[in-house]
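Here chain A shows up in two complexes: once beside chain B, once beside chain C.
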Partner chain A sequence: MHIPDGFIDLQTSAIFAGAAAICVGVSLKGARKELDDKSAPLAGLTAVFIFAVQMLNFPVGAGTSGHLLGGALAAVLVGPWAATLALTVVLLMQGFLFADGGLSAIGLNIFNIAVIGVWVGYGTYLIVKRLLPKRKSSVALAGAIGGLISVPAAAFGFVVQYALGGNATFSLTSVFTAMIGTHIVIGIGEALITGLTISAIMASRSDLVHGWKSNETKLVIKGI
Partner chain B sequence: MSTKKDFKFYLIFLAAALVLAAVFSFYASSSPDGLEKVAGEIGFLDSAKDHANSDSALADYGVAGIENERFSVGLAGTIGVVTTGVVAVVLFMALGRKKQK
Partner chain C sequence: MHSLPAHLKIVAGLLFIIVGVATSISNWQAFIGYFLVIGTVLAIAKLPVKKILSRATVEIPFVLFAFLMPFFGTGEKFELLGLSLYREGLLAGAAIIAKGTLGLLVAITLSGSTKAREIIGGLETLRLPALMVQIATFMLRYVNVVSDEMERMKVARQSRGFEAKGIADWKILAQAAGALFIRSYERGERVHLAMLSRGYVGVMPVMEKPVITKFQRFSVIALPACALLIFLFTNMIWSR
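Showing the complex of A and B:
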């Protein structure tokens, strides 16, 4: 999922770098409001955990692999603003230290994974959670479905970037079909990892989980 | 304030990440990922350029000069966990501090 240098022309890459920078700036503001001295360390550790799990490529069908993106997972654990920042830190470390994801493509990758992945994952999570009973297990299930949808959504971001500035001219329909098809399958892995991780944390420290805390806060306000 | 119980949880979370990056990473699939696979099938994989840092000491999650692959990827993962941790924890602690009004 990490775009290397050369797939997308420099002009389009620069536009998305600008867009990504704006989103990160807004997220810095949002996270400042959202974070407190309990959720701040959790947000840092969430970035670490996602870095680690992104190393674990799992096989999806013959000769292809996928790995966690982590947008929905991070958003459920620490809220969407901090999630965008956590994923951005991960992508910067990967690009600069590990030569994973092109340096000219860093804005493209931040936009797809840290912005689209996080917000589509979180939006889906919120919708699904509303439809489910207010139980702890619903947080993990809604988060898993958010994860499932977030992966093809991030892949769609690449298709748009390819349409705008692909350095090769292959039919957009075939790029679209192949990208979305492959990434729906990878999304199943994303859903499993996201669901299991949220379940494990909900079982031990649900009080730290953003997606569950915000639920309780609402109940308290209604209770008054 | 973070309590003792919080610190215990943070430590377990960190340890889990460390074990995954240092030990389990060796067993990760080395097949091309979704994007690479699609690029190869459709034909635009050739447009990829070498990474500017492709010769760097940690390129592709291995430590340059370490022959043993298990140790090389494990050490790279450990370095990644530590560096990501330092950057992210400093950033978020700075953002989370304030509100002393």
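Showing the complex of A and C:
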């Protein structure tokens, strides 16, 4: 469920498309520097994974269910550069192949989800991880809190866009309360799934988790 | 329709949407014109109705949002069929539905008449960075493999008597998601190494470039051109 065409006016859409393009450009550079020739397959598989995992339904009860959004999870698993690229591609494909999210609003959606969602999630993760003891379980907990914050942060991006160029008559405060309120609830679900998924991966292949790898000490050969 | 070059279709669709979004809803005659134009294009493309409807469901939340707007708003009120509605809210709600649907129909036409591979090729021609194109092609090639993997895991869970009922079951589902990540990661690694060992240097071999005829160019440009004409025409006649 992404912003459709005509919901936010064209000027605002253009501004955010420009901002999103700059952020994706920076991520392209960052990913190349950090991952060199591995960046394409790594970001590609992350895109595939996020796309597939969004189809996995998590029942909430009373017949409803939710799914993972995955911004913070992707950032913790493969690093924020590759995560931004992967989510951008997922959004582009959803817009162009599945008509989900307006084509003129694609910059808005990329900015909220692939930029704000990923980077706020990752930033929160880094801060929380620093506060926690250096244990494996801290990665999952920090990732969960990253997920918790990333969802209302992305919703806040929408509120800003609505304030700048929303084509609707609801007052800003009511949109703010409704959007942030519902997304805090969604964020709690996101936090649970993100944390549980990270701890499942940490249990068997902790070497694949980017957020844990950067914690490791380098192998040093002492004396011969 | 199906054989037109993808990058031209993307540009034409985008221009059409931009003209539509830029039109004020008070100029409602123009929207009738736009819907006639895109309706004709959809008819020419001969897309299955079922597919169109199933794609259109993504719009439902916004339609609900738009329906609420005439009832909860501010400003001038008026009576319609015994209901007291906000004029501005009604207009804005109608605009959201009209423009959203217009964009949706364009996107459905585009995706329905163009192969996914061609859309990525079109975006490449439109200067989407090479790395993004690689990521997108990678995603496209493996999305079915990975979603099949997920389906098999689901069958495996069910055959062991697991049924997801509520939040208590999330741990199992998250473990499945984790396993899915590890499996996709390992597959990505294998595929990448296999590609490298076959001489992959970051670009896919390009097949011969298709020739774009003048007729094709003309027929693609016709879509936004029609919209622009409708926009100017209705503006001239009704909006003075």
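The definition used in the following text is that the second predicted complex is superposed on the first by the 194 of 224 C-alpha atoms of A that agree within 3 Å, B and C clash if a C-alpha of one lies under 4 Å from a C-alpha of the other, contacts with A are read in each partner's own complex, and residues count from 1 in each chain.
Rule of thumb we're sticking to: a contact is a pair of C-beta atoms (placed from the backbone, for glycine too) under 8 Å apart; a residue touches a chain by one contact, two chains touch by 3 or more.
Remember, predicted model here, so these are calculated numbers, not experimental data.
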{"item": "Partner chain(s) touched by A:A52 [first = chain B, second = chain C, both, neither]", "value": "both"}
{"item": "Partner chain(s) touched by A:R32 [first = chain B, second = chain C, both, neither]", "value": "both"}
{"item": "Touching partner for A:Q11 - first (chain B), second (chain C), both, neither", "value": "neither"}
{"item": "Partner chain in contact with A:A43 - chain B first, chain C second, else both or neither", "value": "both"}
{"item": "Partner chain(s) touched by A:F158 [first = chain B, second = chain C, both, neither]", "value": "first"}
{"item": "Which of chain B and chain C A:L196 touches, first, second, both or neither", "value": "second"}
{"item": "Touched partner set for A:L68, first chain B, second chain C, both or neither", "value": "second"}
{"item": "Chain B versus chain C as contact partner of A:T173, first or second or both or neither", "value": "neither"}
{"item": "Overlap of the chain B and chain C footprints on chain A, listed as residue numbers", "value": "1-2, 4-7, 28, 31-32, 37-45, 47-49, 51-53, 55-60, 85-86, 89-90, 92-93, 96-100, 102-103, 167-168, 170, 174, 201, 204-205, 208"}
{"item": "Residues on chain A engaged by chain C in the complex (per definition of touch)", "value": "1-2, 4-7, 9-10, 24-25, 28, 31-32, 37-45, 47-49, 51-53, 55-61, 68, 77, 85-86, 88-90, 92-93, 95-105, 167-171, 174, 192-193, 196-201, 203-205, 208"}
{"item": "In the complex, chain B residues that touch chain A", "value": "1-2, 6, 9-10, 13-14, 16-18, 20-21, 24-25, 27-35, 37-39, 41-44, 46-54, 56, 58-61, 73, 76-77, 79-81, 83-85, 87-93, 95-99"}
{"item": "Chain B-touching residues of chain A, taken from the complex the two chains share", "value": "1-7, 28, 31-32, 35-45, 47-49, 51-53, 55-60, 63-67, 82, 85-86, 89-90, 92-94, 96-100, 102-103, 155, 158, 166-168, 170, 174-175, 178-179, 182-183, 186, 201, 204-205, 208"}
{"item": "Residues of chain C defined as touching chain A within the complex", "value": "10, 13-14, 17-18, 20-22, 55-56, 58-59, 61-62, 65-66, 69, 72-75, 86, 88-89, 92-93, 95-96, 98-100, 102-104, 106-108, 110-111, 116, 119, 123, 129, 131-132, 134-140, 142-143, 146-147, 149-150, 164-167, 169-171, 173-182, 184-185, 187-189, 191-192, 195-196, 202"}
